[in-house]
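In what comes next, subunit A is part of two complexes: it sits with subunit B in the first one and with subunit C in the second one.
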Partner chain A sequence: MSPDSPWIVWAVVAPLIAALLAAGFGPRATPLVFLTGVLGVPVSAAALAVQVERFGPQRHAIGGWGEPLGIELYADGLAALMLLVSAVVGAAVSVYASGFFGAGQAPPVPVMATDGSSVGYGHAPPVAVAGYPGGAAPAPPRAPHGVLAPGMPDASGAGQALTASPPADARAGRFFWPLWMLLWAALNALFLSRDVFNLYVTLELMSLSAVALVTLGGTDAATVAGMRYLLMSLLGSLLFLLGVALLYAAYGTLSLDGLASAAAGALDGGGSIPPATVLALAVMTVGLCIKAALFPFHAWLPPAHASAPAPASALLSGLVVKAAFYILVRLWLQVLPVAVPGAALRLIGVLGAGAVLWGSVLALVQHNLKLLIAYSTVAQLGYLFLLFPLLTDGGSPAAGAWNDAAWSGGIYQALAHACAKAAMFLAAGSMIHASGSDALVALDGISHRLPLSFTAFGLGGLTMAGLPPSGGFIGKWLLLTAAFETGRWVWAGVIAGGGLLSAAYVYRVLRHAFGRSEALPPPAPVPRRMELAALGLALVAVALGVAATRPIELLEVGAGPLAPMTGAMSEPGGAYADPAPGGSQSHEPISPDSPARGSGLSGAPARPPALPGAAARCAPILTGTLAQAPLPSTPGP
Partner chain B sequence: MTPPLLYALAGAGLFALGLHAFLIRRHLFWKVLAFNVMGSGVFLVLIGAPASPPGGGADPVPQALVLTGIVVAVSATALAIGLALRVAAKTGHPHLPEDADA
Partner chain C sequence: MVALRSAAYLPLLVVLSSLVPGVIIAFLREEQVRTRTALNIAGAVLKILLVALMLWGVAEGRRYAWRLAIMPGFELTLVGDALALLFVTLSAILWLVTTLYAIGYLEASPNRSRFFAFFSLCVTATVGIALAGDLFTFVLFYEALTWTTYPLIVHRGTPATIAAGRTYLQYTVTGGTLLLVGTVWLWAVAGTLTFRDGGFLAGLPAETHGELTAIFAVLVLGLGVKAALVPLHGWLPAAMVAPAPVSALLHAVAVVKAGAFGIVRVLYSVYGIELATALGGAQALAIAAGITILYGSFRALTQDDLKRRLAYSTVSQISYITLGVATLGPVASLGGLVHLVHQGLMKITLFFCAGNLAETIEVRRVSEMDGVGRRMPWTMAAFAIGALGMIGLPPLPGFVTKWYLGLGGLAAGDVWVVAVLVLSTVLNAAYFLPILRRAWFADGIPAVPHASEAGPLLISSTVTAAALSLAAGLFANMVISPLTWTRLVIERLYAP
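And now, the complex of A and B:
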């Protein structure tokens, strides 16, 4: 493993090539798509993680053009971990989707015809959350979000020949692959971005592909949900872009490092944080919260995630919503911690707590499986935002108290939830296909008929409820530890209460699944690879709970504010002025061919003093305390 | 008041106008138009707000950003209009169901 191998580039380029292949050659290219994207991304993500683990943060200037004009890719421990999870979830979903959309399979065979009077159990496609196949049937009365009310007769029609496999039509499959590969490329590029404008572009690319994925099912509900998602998403992006414009106006730089040191430097120099910075941070935060579906901006999420085809739901709930959270963490804790008042930390924590409780309660009253899982996503996303108020003793993170239990816990919850929720959506897709309906009551006895999918769902449920051994347990336990250590009992109560509610809604599904099944028609066969993909992903979520030390150690690489407030500005000039950035950054394997720094920019406006170097980044902020944190083997509270 | 500041203030005004229309208009096409007005406002802020470099001339970075932003906005608008047409065709109404009452 050479420190110079550009694996960081392949993590973005591989899915991009796959997207072009899939768009250009259609289903014939599916094997190539698997080779370049589905194999390429996990390999490059794993290699990059090893590089980060061994050699510290990785940086690559694309085409040799570094900041400020070029685009730089940068991976620290956080980025490498997000990339790894994106790779694992993405690979499993791809395997699942190849069964779901029937890529390269024989034409579907009619196996049975249903009696139209068998209420609720007609074998509609799994997107039947939304209603009726083909869109030709007369619209049935619908509940508020265009979702079939429980037990409502499925309009799949009397005597209609139904198919065993694949569960979705090939047309949707044709569009799924290019869209998903594009989404993957955008997502990976987002995790590796190091300037705010790139974050905007990748965020927008990701959202546009995600909206298209929602509408793949072609049903009325999916179209309406996709439209609502698109509008909310565009609003969020524009707010973020407005913040980018304000930040550039204030500091004349877009790079995260440059912004961090400029803001900290202004404060160090006896100045105060300009109002434009606070305004920029505020509009960016609102935009990102809309995109992350943080309570009370969550209303768009459940219909969109529930009406998408199962693989798309898994990607949206598992990965896409985490991207906005990731940017928020970077901005608040690493780039502009000096501009975040303690009140804002508590406010966003309150919203997170609201999401945990309200989302769980709504999940508890759903009658449809995918809607239940989608509301569970709203609730579990709330946990991520509890990271903010638990960070310090009520002060701003700039105070320097970098409470690693809350930080690791919040991020770990994001990683575990990505795997577990994707596994649950995949398993739900299989179960819905088998039972022919999205209603919870239709799941009676599914545990006997689809034991693998059922197991995957149950293991995912462990993470939702935060029970050991699961990744969700580690995340929630670390958050609880942070709350206990500082005596903040209210937050601890929210974490524990949310876990109980989660256990309750997971139990509702399990109760149906264990039910009796004699009176039901035989289940539609489910391709085996769909079941195995969901189970594999659920096992990863459990493994995250068993082997937590290594990921958490990786998370510490490069963590901490990018520019500490005191004593940081001792290296004026820094990267922008120094054509050969060595010195303090020497441990970073910067490719020797990054000539753009300081060259060719003589006409450009004066840049602020640049980043104080990696001294800040590798400061031992996080050392030690983890050893004291009670980790996996400790039984739950 | 310098011309760049004028641009920036006009941009902020456009953004506010667009945001207002985006939130209160029910027709999907209005919403897409409002999104574009908001976008133009942000672009004006980008162009206007940065101080000109001492040597005169314009800072090229915001112009590159605006160019990229326009490409993104055009793609998003195309997708939004296509989707709005499909919503209208499928539901018979050019607005979201929650806005249907008025």
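And now, the complex of A and C:
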């Protein structure tokens, strides 16, 4: 693995090329789309992650033009991991979508609903509700399901019910691929952006593609939900842009590093934070919270995510909402931590707790599968925001003595949720197609009617409820650890109680899934690749619960404020600036004779190996032609 | 050296020997009966062989440990020590017996691949609990046991089983959450979770004792759900609607045992019995166990449904373990720990019999049992061994348990323990003997005099379980017996 290979660029360019191919050549280009985008992104994301792991943060100036003129791409551990999850989820969704949209085959002849058992609630893909769409079925037939139940209306012909047919027509697929590839490119560029204006542009591009994906469902409900989503999303973007303008007016730079040192410098000189900075951060925060659907700005999310076609729902719930959270983490904790008082951390934590409780309660009263999963997203997003109050012991995040467990727990929860929730939405799409309805009651016996998809759903549910083995368990364990280390019981109560509520709403699906199904017609066959894509993604979520060491260590590369405070607000040689030789193991078992409460807050050099200490000492690896100063986060020797 | 290094993988292999077959079975088609059966039996036999190898090694004084880093600072730790092997051996042997029984019991019923997949996963979790070398690993497997058991309880998919499954999840998921919270809290206080004979908290300063007491309560409440401590026992009688092999698994092999074993670990390997007594936790636990023993027996008296009566009997009997380990001194510990095995052997016999009765002649209530002894002599003979053993008739294993528990109670100066034992024995007799009387000596035997014994697989596993129970009591003082092994455990626990 050469440190100079520009994998960071390919992560953005590959889906962009794929988007152009898909837009220009339509369904014929699907194999090429897979070759460039679906294969290209995971390969470059994995390679980039290895580069960051080995050589520290990666930086690339596009075309050799660095800041302030050109566009820079930058990847630290956080960006690399987000990119990796985007790649994994994106690849699985793409495979699923190729079955869902019929992989460019001729659109199936629409068949009207043939039996009274289909209970359309308006949230299912339109054709899926219509029972058994006939027509040319591209996917190979699964094992025959035997004869239809006696007495079942059979107008569409038993023969067609035996072949797996795509749940949505290929016309929707024609728009899906270019939109999704554009979204993917924008999302990856967002994770790698290093200035606030690029963040705005990529956020906007991503949101517009996302809105278009919602309306692909074509139902009235989808159009209305898409419109609401568009308006809320625009509001969020405008607020963010306003903040960008205010910051530019105040500091004359848009670069994250420049902003961080300028803001820290203003404080270092004995001054206070300019009100414009605080205002800018405040409006940006509101905008981002709207986009991240943080309680109480969540109302747009459930209808939008529930009425989109299943692959789009998976992308929206798994990846898109994480983007706004990601920007918020960057701004609050790394760029402008000096403008974030401890009270703000607590406030956003309270909103997160509200989301956990309220989202779960609403998930408990839904009667439709996709709405239940969508409300679960609202609740699970709340967990991510618990990262903020648990990160410090009540003070500003600028000092840099972050609680390890809170940092890795919050982010890990985001990674695990991305995989698990996407898997659940994909599995839900298959189950809805098979049972012909989005209603929970139609899922009776789905555990043996559609075992692979149900297994994917159940394994995803483990992460929601935080049960082992799953990434969600690790995330909750770490967040709980952070709460107990600092003796804050209320947050521990929220984390534990939220887990119980999550288990309760996942149970509402289980109850039906293991029930009897003799009265139901046999399930419509589902293309095999749809089932396997969902299962694969769910297994990734499980694997995150077993092999968490490397991701968590990668997460520490480049963590901490971009411009660590000097002087009163931090101790030099504190946790993050300390290049502990060899890196001592965090949370090391402590002999009973010397009990130590916590480790992250004590300021002691107790950090996992491969820490910024070690990582940041590596000189930033530059590609292109432009020489760069060392990263601002590099501690001076 | 090579031999030593490969031996370190033994605990892992014991876990894998049911995990791998379970995962493969999950993907088998329903018709692949032979492959499924072969995988099931091969896994179970392999597990017993591996366990036997470890037993031999541990008896020689070896200790097996295998580790896998899960996240920075936390490892999946599987340790084969004497206490772990007590539970592992029980689970491994009873798993084989129960698998054979389940194959016969579920013949030609739907969704068997799903059933046997989760059956294997359930045992995997149980073995993981037994071999856990620290509280983190324990929690991991303990929570996994919760969700792997659910599909077994609701296997039939009827409204009654779905309702039972709901109750089960309500209790156990809440209990699991408490255990998780307690564990993380303990870690924040102590900075380690690694089990140690005599406990790893003994060295902590006195000002942490308040917190440690609270953590003890949280942990025991969490574990008490699966161990069916009153008033956390409600799920167990409800779950009796599950198929008989699942009941056997719940009551004898896996779930309640996991709870009881967890309490043993918390007392012996986390707190240490001295610290637990100093904090007052052990006494409170012993009293709760005493109440549970009597309450369960009283409730069993009035149950007409046979499996429900057996379920309340479990509530009562499982707390003998807790009572024994929470009472100070090695003799009471011996009585408690050996009951882990004894209760498992006897209770699995009884549930097999109940399953035979229900499946073969549709008898599910005690009031319908008049004369069943003549119709199903083998089944009812096995039932008699189990029931008399539970009552504590010498030389059956229940007697061995009660003998050491009583001695231990006297040695610790807790005379009330003896009173509880005596009263409980009277109650045991009061709810078991009427069943035996009806089965063998009832007047007015219904007009189906001919024998109609259960199928060969069912009968052979039932008789095997009964024979194992009989042997555990009869040969308690032989070189290879649960009692002898428990003595070894106690020696190592009390002289670390």
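Simple rule for what comes next: the second predicted complex is superposed on the first by the 507 of 637 C-alpha atoms of A that agree within 3 Å, B and C clash if a C-alpha of one lies under 4 Å from a C-alpha of the other, contacts with A are read in each partner's own complex, and residues count from 1 in each chain.
Everything that follows uses one rule, which is that contacts are C-beta pairs under 8 Å (C-beta built on N, C-alpha and C of every residue); 3 or more make two chains touch, one makes a residue touch a chain.
Here the structure is a predicted model, which means the values were calculated and not measured.
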item	value
Which superposed partner A:F197 touches (first subunit B, second subunit C, both, neither)	first
Touching partner for A:V490 - first (subunit B), second (subunit C), both, neither	neither
Which of subunit B and subunit C A:L480 touches, first, second, both or neither	second
Partner, of subunit C and subunit B, that touches more residues belonging to subunit A	C
Partner chain in contact with A:L462 - subunit B first, subunit C second, else both or neither	second
Partner chain(s) touched by A:V365 [first = subunit B, second = subunit C, both, neither]	neither
Subunit B versus subunit C as contact partner of A:T549, first or second or both or neither	second
Residues of subunit A that touch subunit C when the two form their complex	143, 408, 445, 447-448, 451, 455, 462, 465, 467-469, 473-474, 476-478, 480-481, 484-485, 487, 492, 496, 499-500, 503, 507, 510-511, 514-517, 545-549, 552-553, 585-593, 595-598, 608-609
Touching residues (chain side subunit B, partner subunit A) in the complex	8, 15, 22, 28, 31, 35, 38-39, 41-42, 45-46, 49-55, 57, 59-62, 65, 68-69, 72, 75-76, 79-80, 83-84, 86-87, 90-91, 96-98
Partner subunit A, residues of subunit C touching it in the complex	26, 29, 68-74, 76, 110-111, 114, 139-141, 143-144, 146-147, 150-151, 154-155, 157-158, 162, 165-166, 169, 173-174, 176-177, 180-181, 184-185, 187-194, 200-205, 208
Complex contacts: residues of subunit A adjacent to subunit B	68-69, 135, 144-146, 197, 201, 204-205, 208, 211-212, 215, 220, 223-224, 226-228, 230-231, 234-235, 237-238, 241-242, 244-246, 248-249, 252, 254, 603-606
